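In the two assemblies presented below, chain A is common to both, partnered first by chain B and then by chain C.
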Partner chain A sequence: MKFLGLLTVLITGFLLIQAERDFPDWGDVNSPASSYKLSQHYITQTFAETSVPNMVTAVLADYRGYDTMFETVVIFTAGIAIIGILRVFGSNIKPDHPEVVLTKKKPDLIVETTCRLLIPIIQLFALYVVAHGHHSPGGGFQGGVIFGASFILLALARDLQYAQQWVPENRILNLAGIGIFIYAGFGVASLLLGGNFLDYGVLTAIIPGDVKDAHSHSMLGVEIGVAFTVTAIMFSIYSSLSSNGHMKEGI
Partner chain B sequence: MIIDTISICLICIGIVFFIGGAVGILRFPDFYTRMHAAGKGDTCSMFLILLGLGLYQLHEPTLANFLVFGKIMFITIFIMVTSPTSTHALIKAGFEEGIKMWTRNGEKKGNVK
Partner chain C sequence: MIILIFLILTAFISLRVKDLLSAAMIFGVYSLLMCLLWAGMGAVDVAFTEAAVGAGVSAVFLISTILRTSRRSSD
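Right after this comes the complex of A and B.
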């Protein structure tokens, strides 16, 4: 059996290495992805049009902002669906697996000290990833996940209720809604100012700077909206799943 | 040249420790000793490998390379803090769950639960 597994791995690896030779070279100008006309436009014009050096963020939050808005809505919907399926209220709490529900842990000194050391750094780094998303890899989704993970770390190190002092359930749902509201707000604002939905160029009327800066700043705003939603939904999914939906105590 | 040699040596030693950790996870008899191998081996090998990679950056001493070295050292500090803590938390959770410790002939020693 082990020999069969080894054989499979070797054959698959050999095929993958063979197939790798057909890839275009790193940064090859003549590869299909780079020679396509639309890609040419993105590569040559992104910085001139949006003053954002990171092309990926520009495509994600500006050229295809409509798509990204509904990605955020998908995350929101996923969080709502998990709450809707799992959440149980009040008297009908019946833990299906009583052995999973742990008694209240007393905090561990080493773990707690490390968390106290790390959580501020993690949250600061998350804000950096959000705010620096259009200059380096990063953005709202990544920063939001890191920020949500810091609360999950807190819940793991102490318990769920301790973490919920900072992010109680209603605040989570408010934050998730606010995120989408911010994103859609940028779209509606550009509609009101006479442009298309999420056409950031017309926002020069309310954002200082020229058209390029309006694009750049609106992208930051939109990323912040995404970060709100992702943070809230990340922690909400964790707390629903880890406590069988009664949000009292979790793993 | 010298700095390249040093970094290659560090990375090789790190890989040896890594292999030690991997073999330990597979070969040690119970949960605690396995976690011991995983935690110790990974932390030490990660430290050595990242130090080697950081030193390799320095063979052209420009400001940008020093910044990369600093970032790698920051990751190293992060791993040095978090990896032992997670090992500790896992072992403590296992101990509170009452996982039995391995002894040579199955005899009881000390305050085994």
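Right after this comes the complex of A and C.
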């Protein structure tokens, strides 16, 4: 059986290496991906159409906005699924593995002081990443993950209950829902104003400025929605995993 | 090139190492090297995501899961 497995791996690897030779070189201007008309349009017209310098964000949040919306829904669904599998209700739960003993830790002075200094900076940086995502690398996903990580750091440094003072369980789920609601709200708003779903151009009626500004500002709004969902789900996954599902004592 | 060699090394080690905790840590190192590679290729957005998700949060998820499970199965 082991021999068969090795043989399969070797044959698959050989085929993959053979197929790799047909790939265009890295950064080849004549490769199909670079010479295709659509990518030429993105590269040359993104700034003229949306006034967003970072074309990765423009493609993610505007040209392929539908895709990103359902990516956010996928993250939401993943969080809900983890809660559905792990969450345990009730007060006197027997531990599944009695040999796993996690000692209650005392708050450590060095760890606590470092976290008190670091967490505000991390959260400020996360907000910057979200708000500046269409001018520099970053955006809702990255900013949301960093913001969620700051709460995870708080829960690691103190304990889970301490972090849950700011993000209790019901607030997490509300935040995750609100994020998708904001994203879909931009889509529905453009539907109501006579455009297609997520066609930000028609939002000039509510957003001040011309069509380009409407695109740019809607992208910011959409990124904020993504950041809400990702922050909430990241912390929810951590608190489910680290507390065996009863959301009381973390690691 | 050196990063690529280390990438393959860390991938191999994280598969072979017996201790799950060190496997999770080495997997984090793998993500960090991957992030450096993305940044070197000019895909800064992808590198950013890899650094935040791969090297940061997913390592924490793996470690918290490992700390909550036992070595032997209870069945």
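Simple rule for what comes next: the second predicted complex is superposed on the first by the 213 of 251 C-alpha atoms of A that agree within 3 Å, B and C clash if a C-alpha of one lies under 4 Å from a C-alpha of the other, contacts with A are read in each partner's own complex, and residues count from 1 in each chain.
Criterion: a residue touches a chain if its C-beta (ideal position, glycine included) is under 8 Å from a C-beta of that chain, and two chains touch if they have at least 3 such contacts.
Worth saying up front: this structure is predicted, and the values here are computed from it rather than measured.
After superposition onto chain A, partners chain B and chain C are found to sit side by side with no clash.
In the superposed pair of complexes, A:I110 makes contact with chain B only, with no contact to chain C. Note on chain A: of its two partners chain C and chain B, the one contacting more of its residues is C.
Of the two partner chains placed by the overlay, neither chain B nor chain C lies in contact with A:F147. Look at A:F76: by the touch rule set out above, it reaches neither chain B nor chain C. Residue contacts after overlaying the shared chain place A:L118 against chain B, while chain C stays out of touching range.
Put simply, the nearest alpha carbons of chain B and chain C end up 12 Å apart when the two models share chain A. No residue of chain A lies in contact with both chain B in one complex and chain C in the other.
Of all residues in chain A, those touching chain B in their complex are 108, 110-111, 114, 117-118, 157. Here chain A touches chain C in the complex through residues 26, 54, 56-57, 96-97, 99-100, 102, 129, 137-139, 141-142, 145-146, 148-149, 152, 156, 234, 237-238, 241-242, 244, 250-251, going by the rule given at the top.
By the touch rule above, chain C contacts chain A in their complex via residues 41, 44-45, 47-49, 52-53, 56-57, 60-61, 64-65, 67-70, 74. On chain B, the positions that touch chain A within their shared complex are 78, 81-82, 85, 88-89, 92.
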